[in-house]
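Both complexes below contain subunit A, partnered by subunit B and then by subunit C.
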Partner chain A sequence: MSTNILLYKITLLLYFASTVLYLIDVIGRRTETGKIGRWILVGGLVTHCATVATRYVATGHTPVVNLHESLSFFALAIVAIFLIFDFRYRLTILGAFSCPLALIMMIIGAAATTPSPTINPALESWWFPVHVLLAFTGDAVFAVAAIAGVMYLMQERMLKSKRFSALYYRMPSLDILDSINYKCLTFGFPLMTMGIISGAIWAHSAWGGYWRWDPKETWALITWFIYAALLHARLSVGWRGRRAAILAIVGFLCVLFTFLGVNFLLSDLHSFRTMQGG
Partner chain B sequence: MNIIVVGLSHKTAPVEIRERVAFAPTAMEEPLQQLLGLSAIAEGIIVSTCNRVEFYATSRDPDAAISQLKRFMASYHQLTPEELETHLYDYQGEEAIRHVFRVSASLDSMVIGEPQILGQIKTAYGYATEFKTVGLILNRFLHKAFSVAKRVRTETNIAGNAVSVSFAAVELARKIFGQLEGKTVMLIGAGEMCELAARHFVNNGISQVLVTNRTFARAEKLANEFTGLPIPFEDYIEQLYRADIVLASTGAPNFILDRPQVEGIIKRRKHKPMFFIDIAVPRDIDPKVNDVDNVYLYDVDDLQGVVQANLKERQKESRKAEAIIDQEIGTFHSWLATLEVKPTIVSLRQKFEQIRRGEVEKSLKNLKDLDAKQLKSIESLTSAIINKILHQPISALKQTNNSEEGGNDNYVDAVRTLFNLEPPRAEDELIDLDDGDA
Partner chain C sequence: MSAKNRSFVDHIWEFFCSLKLAIITLILLAVTSIIGTVIQQGKPAQEYIQEYGESTYKLFLALDFVDMYHSWWFLTLLNVFAINLICCSIKRLPRILKLVREPNRVAEDGLYRTLSNFEEIVTSASLQDVSRKAQEYVTKNFGKPDVTEQDGKVYLFAQKTAWARFGVYVTHISILIIFVGAIMGNVWGYKAYVNVVEGTSTDEVWPRSGKEPIKLGFEVRCDRFAVEYYPGSTRPKEFTSDLVVLENGQEILKKTIEVNDPLSYKGITFYQSSYGQMGDAQFIFKVTERETGTTKEVRARRGEMISLPGGGGFRVVDFTEQFQNFGAAARIEVVPELDHDHKPGEKHASFVVLKAFPEFDSRRGGKYIFSLQDFKQKYYTGLQVAKDPGVWVVWLGCFLMVVGSMSAFFLSHRRVWLTIQPVDDKTGIKVGASAHRNQPAFEIYFDEFKKNLKTELSE
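What follows is the complex of A and B.
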């Protein structure tokens, strides 16, 4: 377990370093630092994967059964998805938004170290890792969509008001930001859909029912409907730009609420407490 | 050897003065030769543009050189020195180096970052090499200035954002659409400004041009120029949905396009963004159009505002450029210093060797019956003495040369005075010294 903690700390440190470098790049207009930040982030991704792997070996379960593990996994997915987009578009400024998000999750995760729970037998199924992997990857894609949405709104605001801040000069075009929104939607929505379906199948094998209307399930469904509406609006009504950006942000807030809010505010089948309870 | 700058620019002289002291590019030989004929000047270049007239020169006696250059500038153009005095500036040493680096990097230009000045200095240098008025130092100096300018251009964003209205429009379009390839621009009216802006758009990748005008023949003519499509003025609102970018510059007294019309068009376009550029005065497009989702409307004042913002951005970038220049001054200055040190060391050694040889020969006349072995030991004894004596002064000279301040001029001068050494000539310096960095 100590190797795991060490790796987690190294990852945290690397994410911190690349966050700082990305911010220096964007605010202090030094493009060299962003490039270094990118490589450090790749290093962080590697140690993060190693963290998750050692955790898996040590505990014997897919490492998403408590808040610490889930946050760590979520951050890992966000970093991976960001790097994929960065590879395609070279969007340093997207990194200046994504890295801090991943970093914050890692810091909260570090604070939320609960002893490794004894696993509820209900969780021991082949469907569990599938469900978790699909759901988290989908959520991470939506996180990037929301970040692109925030950037879109900022840039759109500046173009409309004709007052440019220093950030304007570092932003990609509205067209690119909007196409990130669209791409994220077309990847994220199927992932989320499959995540919900695999979750239902898993629930059936664990508890004997596909759907129980627990708060997490309900909120996941609400989120799914928001993204379905966005996809529909984009494809058939021709929504794009500002409205699509706003919906992507609203959708991600629902994702966050489904992920965190439900656990803290409402008690249910999915919460980490009941998982630990066994 | 000192580098000197004497000149005037848009910052110190009004255009009435600048035009009177300008040198015609077609007749540079005569002034360059006259410049080189001045007693204190070793090498010289004349830079003459519409915004500045400057001499870059080298001299052993900078103060005399500066006053000679000032007088030359006035007399060549039949002016009295008093008329020019208030407009002229002069720099020497490090300040001169900094000035030329800043000018070539376009930090001293009226529009910071504009690219022409570097070409103009290169042309001026071309004349100077053609008429052989530059030597080792100015050659190296100007090449250094060119490489500094290049570094500034690649490492900073000093020339990054548009500073003309029509380029600002192209950049805004890029900010909205990303790529301009495959996009369509419509020209409403056919003013000169409109045509210029359209040309920028076409040069930057726009695929199709639509032109409309109250007189259809005018529309046809302009459309031909861009291999575009003329559209009858009665139809243009109907056709507007095809355009991503709209350039309006009619002479209409009222708005010719209002918000409800644009709302209809944008719906028809399935909310694909549109960029309206209204360069007409009075304006052609109702400013409320800007409130429509996915529509961006800029009038002439807005574009001017963008240009101002871009200029400020360049100003910020210029701070980075100044840092690069500071760094490069250091490296050039230490090269310049080596130039003085090496020949001094050489002539110092020669001087001592000369004395030793003379004294040894004198003594050998009195010591007749020495064998070869004894002769050899006298030779090595005397050589050893001068080597020992010279070791400390030479290493002191070399050391100051390596130090950052470049303050070895005093040592060099002191050594030359103490041992009565000949001043080095520029031609001597050409030998074996040109092995530093490019």
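What follows is the complex of A and C.
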């Protein structure tokens, strides 16, 4: 386990460095630091993948069974999705928001390390990696949508009050932010749908029921309803901008609650304790 | 009167066709679903009374909060959702069908004005030349166009992936299909459980709700149950049961099931779900009398006093399959003389014998040396039994939902129109195009398309 902890720490440091560089870039308006930050982040992504791979080898199961592993995996997904968006839109400011988010998850994850967990036999299924991969990638895409939503609201506020902070000059136009909102939706929604379906297939093979209204499932469905509402509001009623941004933020808060709140506040099959068969 | 009636029906129809209703229903479903995640569902009455008090529990009962996902009001919401989906599709589908099957092949100025991708080209070449070149160009770079000649003008129209328009409807219908599958499962299926002791069989199972057992119509026998633990812990790593399906005493089907790998027969599926010990374990010890060196094999159950050669006796007071990291272990109490007066509360020396270390007990230095040869613990296997004839309908719905939503988001219905007409002594070409998804990318494509068209025509 020691190599994987070492790699985890290196990843955390790299994320920390790129967060700092991104923030200097955005607040201090030094574009060259953002470029360095991006490369460091790519390095962080590589070591992060290595972290997950070594953990898989060391534990013999898909490493998403406890809080530490799940936070790490979520952070990995966010960084990967951000870099894909960055490749397309070259948005340093998006990095200044996504990197700290991933960093916070990594720091909490570091505090929540548990020695080699034992897992519930139900997790010994090929549907497990498929399910978590789809679910977390979808969640990460929604995280980017929420970040774009926050930027949209901030920028709109600055425009209305005519008080512009340093951030303003680095923000993409409202139009681009709105199109990111839509793009995220078109990728996040099918991913989330497939995440829920793969979970249903897996549950059916393990317990004989594809749907049992356990809190995690229900919260995933609640989140799905919210995004479905946002989608229809956008595509058919013509909601744009502000309202779409707010719904994207509400949707992501639901994602976070599905991911963390359910485990800590409600009891169900997905809680890390049950996963470890205790 | 009839006009009034008609307008009332129209109102209802409009209400169920509206997208506002769809959005409101989705949000209502989301918000109400929270209740069932906060209040645990389907628990015995005492648990609610203990946690919330009697009066709150009565309120919960009145509002169906203790089984809300099956309550009349939640089902009503789902029904409204379904009717809304059906009405929206009925209203919009004919228009889309017409759009795809009978597209507007003859583009007039009115159409071009609505297109954001539009260009006009004027060239000195003849109308016939331009028409031929344009047809070749569109065929090569987009798709074979429909040609209409009318009033001295030539109209070209071509479209691609028109069926992408149906992605949305496939997604909507998939939801209805999933609903149908779920209803089939509820009406014709059941969820039950049964515990089968190793070596025995059963032909009935117990439903989750209800007291009467359900007859299977065949028998299921458990030949063997096995559980494997994580080293040094009592947490199960994997557990399996060897099941046999019997019909009229004939073995029909054999399978070793484990978690995630069930057995199915005649639409009924048996899932490995739990296990437990059945009765006391039987232990087999080898006991050696130190003085004489005579060895004897003895069988014992927990708590049973067993006499030993030389007048002594022993019993097993405790047993675990996993003693720290050493595996199976029994705690033994030895009585030096069996027939001595046993005083109440009298304690005898007790010690632990490990199955993995048969030589270990000789170092204890007692009158007898014990080694645990083997133990036989009967288990029962806990099976979830499910019959769900709707499950394949649900999977079909899920498949269509994935396919439908993917094509709705990522496939774009693209159309190109050209109108070629004489302008004074020259030839004018109007070209316009539209895409129903991903317009920015299509704009880039169209810019290239019209630029190349211009060079092609000027040659």
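By our rule, the second predicted complex is superposed on the first by the 277 of 278 C-alpha atoms of A that agree within 3 Å, B and C clash if a C-alpha of one lies under 4 Å from a C-alpha of the other, contacts with A are read in each partner's own complex, and residues count from 1 in each chain.
Rule of thumb we're sticking to: a contact is a pair of C-beta atoms (placed from the backbone, for glycine too) under 8 Å apart; a residue touches a chain by one contact, two chains touch by 3 or more.
Quantities reported herein were computed from a predicted structural model and do not represent experimental measurements.
Undergrad: So if we stack both complexes on subunit A, do subunit B and subunit C clash, or do they fit?
TA: After superposition on subunit A, which the two structures share, subunit B sits beside subunit C with no clash.
Undergrad: Counting only touches as set out at the top, which of subunit B and subunit C does A:194 meet: first, second, both, neither?
TA: second
Undergrad: Classify the contacts of A:242 with the two partner chains as first (subunit B alone), second (subunit C alone), both, or neither.
TA: First partner only.
Undergrad: On the A-aligned overlay, A:215 touches which partner chain: subunit B = first, subunit C = second, or both, or neither?
TA: Only subunit C; A:215 stays clear of subunit B.
Undergrad: Which one hits more subunit A residues, subunit B or subunit C?
TA: In the superposed model, C touches more residues of subunit A.
Undergrad: Taking the superposition on A as described, I'd like to know which of subunit B and subunit C A:39 touches: first, second, both or neither.
TA: Neither partner.
Undergrad: Across all Cα pairs of subunit B and subunit C, what is the smallest distance in the superposition, given in whole Å?
TA: Closest C-alpha pair between subunit B and subunit C: 8 Å.
Undergrad: Subunit A residues touched by both subunit B and subunit C?
TA: none
Undergrad: Across the complex, what residues on subunit C touch subunit A?
TA: Residue positions touching the partner: 19-20, 22-23, 26-27, 29-30, 33-34, 36-38, 40-41, 69, 182, 191, 230, 233, 235-239, 258-262, 269, 271, 273, 384-386, 388, 391, 394-395, 398, 401-402, 405-406, 409-410, 440.
Undergrad: Under the stated contact criterion, what part of subunit A meets subunit C in this complex?
TA: For subunit A paired with subunit C, touching residues are 118, 121-122, 124-125, 179, 186-187, 189-190, 193-194, 197, 200-202, 204-211, 213, 215, 218-219, 221-223, 225-226, 228-229, 232-233, 236-237, 254, 262, 266-267, 276-278.
Undergrad: Any idea which subunit A residues touch subunit B in the complex?
TA: Touch list, subunit A to subunit B: 29, 155, 159-160, 162, 164, 166, 169, 171-176, 238-243.
Undergrad: Note which residues of subunit B are touching subunit A in the complex, please.
TA: Going through subunit B, the ones touching subunit A are 157, 160-161, 172, 174-179, 270-273, 290, 293-294, 296, 298, 302, 305-306, 309, 313, 316-317, 320.
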